Amino acid sequence: MFLVESTLRSALAPSSALASALPAAAPQEAAHWEPFLPGLVVLLPLLGFVANGFLALRAARRSSAAVRAGKEWSPIAGSVRPRTHTLPTWIGPGVMAAAFGLAAINFATAWGAHLAEPVIAGPYWTWIATETLRIDAALQLDALSLAMTMVVTGVGFLIHVFSVGYMKDDPGYPRYFAYLNLFVFFMLVLVLGSGYGTMFVGWEGVGLCSYLLIGYWFSDVKKSDAGKKAFIVNRIGDFGFLLAIFLIFQGFGTLDFMPVSAGAAGEFAYGGTMVTAITLLLLLGAVGKSAQVPLHVWLPDAMAGPTPVSALIHAATMVTAGVYMVVRSSALYALAPTSQAVVAGIGVLTAFVAATIAFKQNDIKKVLAYSTVSQLGFMFLAAGVGAYTAAVFHLVTHAFFKALLFLGAGAVIHAMHHAVEHGDEPPAGHGHMDPQDMRNMGGLRKHMPVTWAVMGVATLAIAGIWPFAGFFSKDEIIWYAGAWAGAESNPFGGLYVAYWVLALVTALLTAFYMARLMVMTFHGANRTGPAASHLHEAPRVMIVPLVVLAVLSVLGGWLNVPEALHQTALGLFGAVPAEGLHHWLAPVVHAAEEIQAGAIGEASKSAPIGGGELAWALVSTLAAAAVVIATFRVLGRRSYATAAADPGPQTALGRFLHGKWYFDEAYERTVVQPVLAASRWCWKVVDTRVIDGFVNFTGSFTRVAGWVASVFQTGQVNMYAFVLALGVLLVLGAAVLLP
Amino acid sequence: MLVEHALLLSALLFVIGSLGVVVRRNAIIVFLCIELQLNAVNLAFTAISRHVGIEGQVFVFFVMTVAAAEAAVGLAVIISIFRHYGTVGVDKFNLLKW
Amino acid sequence: MTWILFILFSVVATGGAVGVVTGRNPVASLLFMVATLASVAGIYVLLEAHFLAAVQVIVYAGAIMVLFLFVIMLLNLGHDYQADVKYGLWFLLAFVVAGLTAGALTMGFSDAEATGFGDVAAGEAIDAAVLEKGAVGAIADPLFTDYVVAFELTGLLLLVAVVAAVALAKPRNRRGTDAG
Amino acid sequence: MTDFLASLGYESWILHALVWGPLAGMVHVLAAPKERAKHVAFRWSALLFVLSSGLWWAYDPVGGGFDFVSSASWIPAWGVEYALGLDGISLFMVVLTTFTTPIAILGSFEYVTRRRKAFYALMLLLETGVVGVFLATDLLLFFVFFELTLVPMYFIVGIWGGRRRIYAAVKFFLYTAVGSLLMLLAILYMYFAGSADSFSYDAFLAADLNLREELWLFAAFALAFGIKVPVFPLHTWLPDAHVEAPTPGSVILAAVLLKMGTYGFLRFLLPFFPQAVQHPVVVTVMLVLGVVGIVYAAWVAAVQPDAKKLVAYTSVAHMGFVVVGVFALTVNGLQGGLVVMISHGVSTGALFLLLGMMYERRHTRLVEDFGGIARSAPFFATAFVITALASIGLPGTSGFVGEFLALLGAFETRPAAAVAATTGVVFAAYYMLPMVQRLLFNPSDEPANRRFPDLSRRETVIMAPLVALMIWIGVHPTPFLDRMGPSVDRVLERVEAVSIEATAPVDESVGESVGDFAVVLAPEPEPEPEPLAAEPVVELAETPALLPDVEGD
């Protein structure tokens, strides 16, 4: 209750806290801005969690009684809108709507005030305080966190609404919304937390929710396994994050963002070991959370969760936390060119590897999962080449179109699922038909026209075709990679050229596998079999979020029209203000950009092989469009076998890609099995044989010694007297002879 | 000097007594030897009382009392053992061994 | 004179002790024992412990030894002439240990420096007390003042011993054959 | 609240009440009819908890020294006193004890069916012993209580335990007895080395010891406490004792008894032997053992087929964090260690209770026999998951605060150890999540698991305060940290006030020759006497002769 109370108190009266948090002496050029109930933004989802959690437990008590009685209990039976669903339906999306509203108010007023300095809301209470360490429960409101909050609450709200339709038949409905609200709460803590400590709370919290939601259908071993895998792999990243936190604390004596970014340049030498270590460890955390190579293996498995969860957590928000963290720590990364090279390298490698894997996946969600991994790689590339705005920009647009893709896929799966369930006769082949397998789809366009349309928009967006969102964001990243490679004194210039080339190739691969997805799902002949007659468009509650996201996917890119395109046809001749997002985020990345400008110099004005930004933008959108068209032409004519009849990839390369580069198998052999073997060895050999062996040996030794000694216990008085005399002699002798 | 020599005598008596305890089998004689040892100790006490005061003699008095009590109980034990085993040879029974 | 008496008593006491250990007949051992006790009583006199000497003769040589004798008679051991000394390795071992003990004791007792003998004041105080209160009074005084609790406890001990002796020596049951 | 307590004269009687109250309860239990025994015991322990909760307000952390001090002469000849006192370190240990005991007793209502009176009497006796350990400020009194805890636990394991209970009980007893015997020797040594002729804590603090003495004494104390903790190679009694012990026994064992070891570290090892504690070899050895304990126990835990044994091994891992935190010798490390102690008491105690409930229902502890319980017992599963998360240190739960601070503190002085220890964060997930999954999730194939009853009302009452505490400490640990802070500072000041300049400078190679003090120390000069103790050492050369000093005549 303390939390609620203090949060409310501070939320209602933030000005006093503000006065203490901000030195009055700091001159503020921008108009003074006061956040409006920032604490409530975070608190609302938590309240939603508490309420839904309570409802979930109440519902579970009834369903579990049925389970124990040996019946399958379903709230759906008999009624269209079961009682257990009513309240969560309003609470879940309701708190999100309220939170989004509050966030929007804050964002709008802050935008209007040209927020320059971060504003600390709180501290609501001191979380951990020792003599040297102090972690406050406070929120930091600045351009970056507000933008992230908008994405999290906005996209989150839409996905909550979508879920109302998608999950309506699920008996665990209240539990689902409880988890989802809890996730949003932790995500907001992550992005709004005022320091690395608070951020870590959100960081692990979203990991927990991810775990719970991936394993939402926990009775299925595979899904349960997937959740566990996600958690453990994430913990490997958290290991790095924790160490980075320790190092930061050692360097700065605090974990708050503001002193860290303000003092970074003074504290560390450019390229120093310490700052490189911090940033690399932070990167390990980010790699885990954002599913970058080599820790990306959990994300595809995470598709075991309900599809809206994949959209929210594993596409739009949580997985981008790593990018957020890198941008948040930009002042540190700017000081560590090696780390930047590693960040960019991992990013582009991930982008490429994941894109190739996406080629050969047949599960619609798996394709999207790898696509997400790939796009996250682009964001890392951006962060690695110092284009933090571009990274955030792509994060935002990606949140729109990837959420849209996942939700669209969700709509498709929803339809397929219903069709499979209601189909009278078993589908062709044997046994159950996988409703997620694209080989069982095809030609869905006529059944689900709206879904097809919005998915098409999203595909064009992700493929980077003008004027959709992805065009602006992805193009900017590639451009910056090239420009960065050409910067005057970049120590890793050559490496960045390679990155740039790889990024370009990957951009085209993206266009290809997305087009393949569209073709296999919506075009060509239908392969669903008799169940096809039951295919139908999703209900309105699911369609509306799709449409909203589609609009955002079209318009999102115009947030940040590059200066070079601003006045051209690609920028609608200046109709939209240029570099909006860049200006907005400037205060956040200012410190980093200054350091970079000082150390590396101006970025090049042309790509490594010549050509300006405008030219390359034209080239890339045309190339992407060409790939999409070509793919439709070539693949559209192909006929696919159903999942049951498909013999699988025939070529070695195909198998390699289908097998996801055998990452899982490699880990299984090099990490999982050895650790398990070592564990067993520790138990069976060290613990049981060595240590306990020694312990039991002392026991049996005593026994044997006692048996030996008992030989002298003859029972003869003489013997005892003799031993007694011997003892007397010993004592006497000792007393006499020893000094 | 008398004291020192009395002490040497007590040592001699004690050793002879303990030798008897160890080598004899007859319980009565073992017992006698124990009394001999007690006497040797008494002699030592009395001798030392010349140097430490009357407490030495008081102690002898107590030892004698205990010896009397011990003799009474010990002999009673020997009697009952003899009744049971028909012998007083200490090597004939080993009640002390469990 | 003192020395002659001391040597005499010592020889008798030692001889008696050897007799106790080596005597074949328990009765013989007993008589040797009486001789030893009497000699020790004599040495008590030489050490100016007259009361103890008297008690030694009356209680030890008189009462306790007679008790032993009764028991020997009772058990009819008087004709027991079997050699029950354990000879052999055991005897040798016992002898070695006894010899070493004797050596150690002798060394300990003769090391006047370490044990710190030589205080004649205590002896003189005893003599003075004997002169003043008599031989009995000298020992009775501390016995009934400083050590009165211990003294009373000894009384209790004797009582317990008497009861225990009766209980032990009594025949186990009424049907016991050797009750008489 | 403070005024109210003062009006009761709370300060003057509370510690005595906490020590002897359980004994009174024990008498009451023995006098009560058999069927009432559990209720009587529960009410007594609950009453004691209510009484002890006043300490939270009554204890004034300023200064961090002992509060509520009182003493009476016990064995005047040796200077032994019945002396009690409470500071910011023992406060939490005492309250943790009084908090867990009623919960453990409540948790035993269904489990214990044989010889109930004896059982509850022993539980209360155990409480007396443990509270006494935490409150005693006289070393001999401490030792008596320390040993006293052995007896009831021995019987609890040995009488109400599982199949191999005798083996486990004897192992537990002997392991601990070996250590405490050496500790007794060390206590006596310090008693005779000190000049004050007293066993009091302060007198021992003032003892003037050179480095060599300190190292040996440290070794003796560390062995006693290390066995209790347990530190890595001395841990094998713990899994056996836990597996065989009845549920309440396991709960008390994990929640409180293990803390006696780490409490000993904080209370005695660090302040008594500041030179030894700062000795590079000692620090290295202890940190290595702590780290090995964390990783090793996590690995072994992960492959245990028996859920209870698994949790028992996790205790070893958790206590490894305490060791690492304590021997980092930083404020954060020490405070973190303390929080881990509290948190481990709560979360592992709760896990044992939950496993006990599972055992009561299914009469098996093998992980493979379960599965899908979350469907039939959602409340149970919720409590279990929260507890498991607290156990693996998720932020927002008690486990995180402690582990974070301990690791942070360790990182300040010993980064390498901290890095190695932090891998425990990963391995915690590696052992805990598979167990959670195989117990609660997955399909429920066994019909018995489908019929698995959910938490009863009594069980809900047991779990609710535990879960609440886990979250409270996780979200708002400041009141805890504030109360323990000054006392921890005192310990650290005491350590830092003494430097060991005489010893070799810290170099990296010391790790290679760990384990053998003699080898390392032989060439080193004896350090100068510390400036702290000004009094000269009394010569013990005077022979306590039986005979007075007189010249021979």
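Think of it as A, B, C and D in the order they're written, each chain with its own count starting at 1.
As a convention for this text, a residue touches a chain if its C-beta (ideal position, glycine included) is under 8 Å from a C-beta of that chain, and two chains touch if they have at least 3 such contacts.
Just so it is clear, the model here is predicted, and its values are computed rather than measured.
Student: Centre-to-centre on C-alpha atoms, which chain is most distant from chain C?
Tutor: With centres defined by C-alpha atoms, farthest from chain C sits A.
Student: So, comparing each chain's Cα centre against the centre of all protein Cα atoms, which one is closest?
Tutor: D
Student: Nearest whole angstrom, what separates the Cα centre of chain A from the Cα centre of chain B?
Tutor: That gives a centre separation of 91 Å.
Student: So, what's the distance in Å between the C-alpha centres of chain D and chain C?
Tutor: Inter-chain centre distance comes to 59 Å.
Student: Need the CA-centroid distance for the pair chain A / chain D, whole Å please.
Tutor: 39
Student: Mind checking the centre-to-centre distance between chain A and chain C? Centres are C-alpha means, answer in whole Å.
Tutor: 97
Student: Any chance you could list the residues of chain C touching two or more other chains?
Tutor: Answer for chain C, listing residues that touch two or more other chains: 86, 90, 94, 97-98, 101, 105, 112, 117-120.
Student: Taking each residue of chain B in turn, which ones touch at least two of the other chains?
Tutor: Chain B, residues with two or more chain partners: 18, 22-25, 51-52.
Student: In chain D, what residues contact two or more other chains?
Tutor: In chain D, residues 547-548, 550, 553 touch at least two other chains, as defined above.
Student: If you look only at chain A, which of its residues touch chain C in the complex?
Tutor: 718, 722, 725-726, 728-729, 732-733, 735-736
Student: Tell me, which parts of chain A touch chain B in their complex?
Tutor: 713-718, 720-722, 725, 728
Student: Under the touch definition given earlier, write down the residues of chain D that touch chain A in their complex.
Tutor: These residues of chain D touch chain A: 171, 174-175, 233, 235-237, 296, 299-300, 302-304, 331-332, 335, 372, 374-379, 382, 389, 394-396, 400-401, 404-405, 407-408, 411-412, 415, 418-419, 422-423, 425-426, 428-430, 433-434, 437, 440-444, 450-454, 475-478, 481-482, 485, 489.
Student: Considering the complex alone, what residue numbers of chain C touch chain B?
Tutor: Contact set of chain C toward chain B: 2, 6, 10, 13-14, 17-18, 20-21, 23, 26, 29-30, 33, 36-37, 40, 43-44, 46-49, 51-52, 55-56, 59-60, 63-64, 67-68, 71-72, 74-75, 77, 80, 84-86, 90-91, 94-95, 97-99, 101-102, 105-106, 109-110, 112, 117-120, 122-123, 125-126, 129, 138-139, 141-143, 147, 150, 154, 157-158, 160-162, 164-169, 171-172, 176, 178.
Student: Which residues of chain C touch chain A once you look at their complex with the stated criterion?
Tutor: 86, 90, 93-94, 97-98, 100-101, 104-105, 107-108, 111
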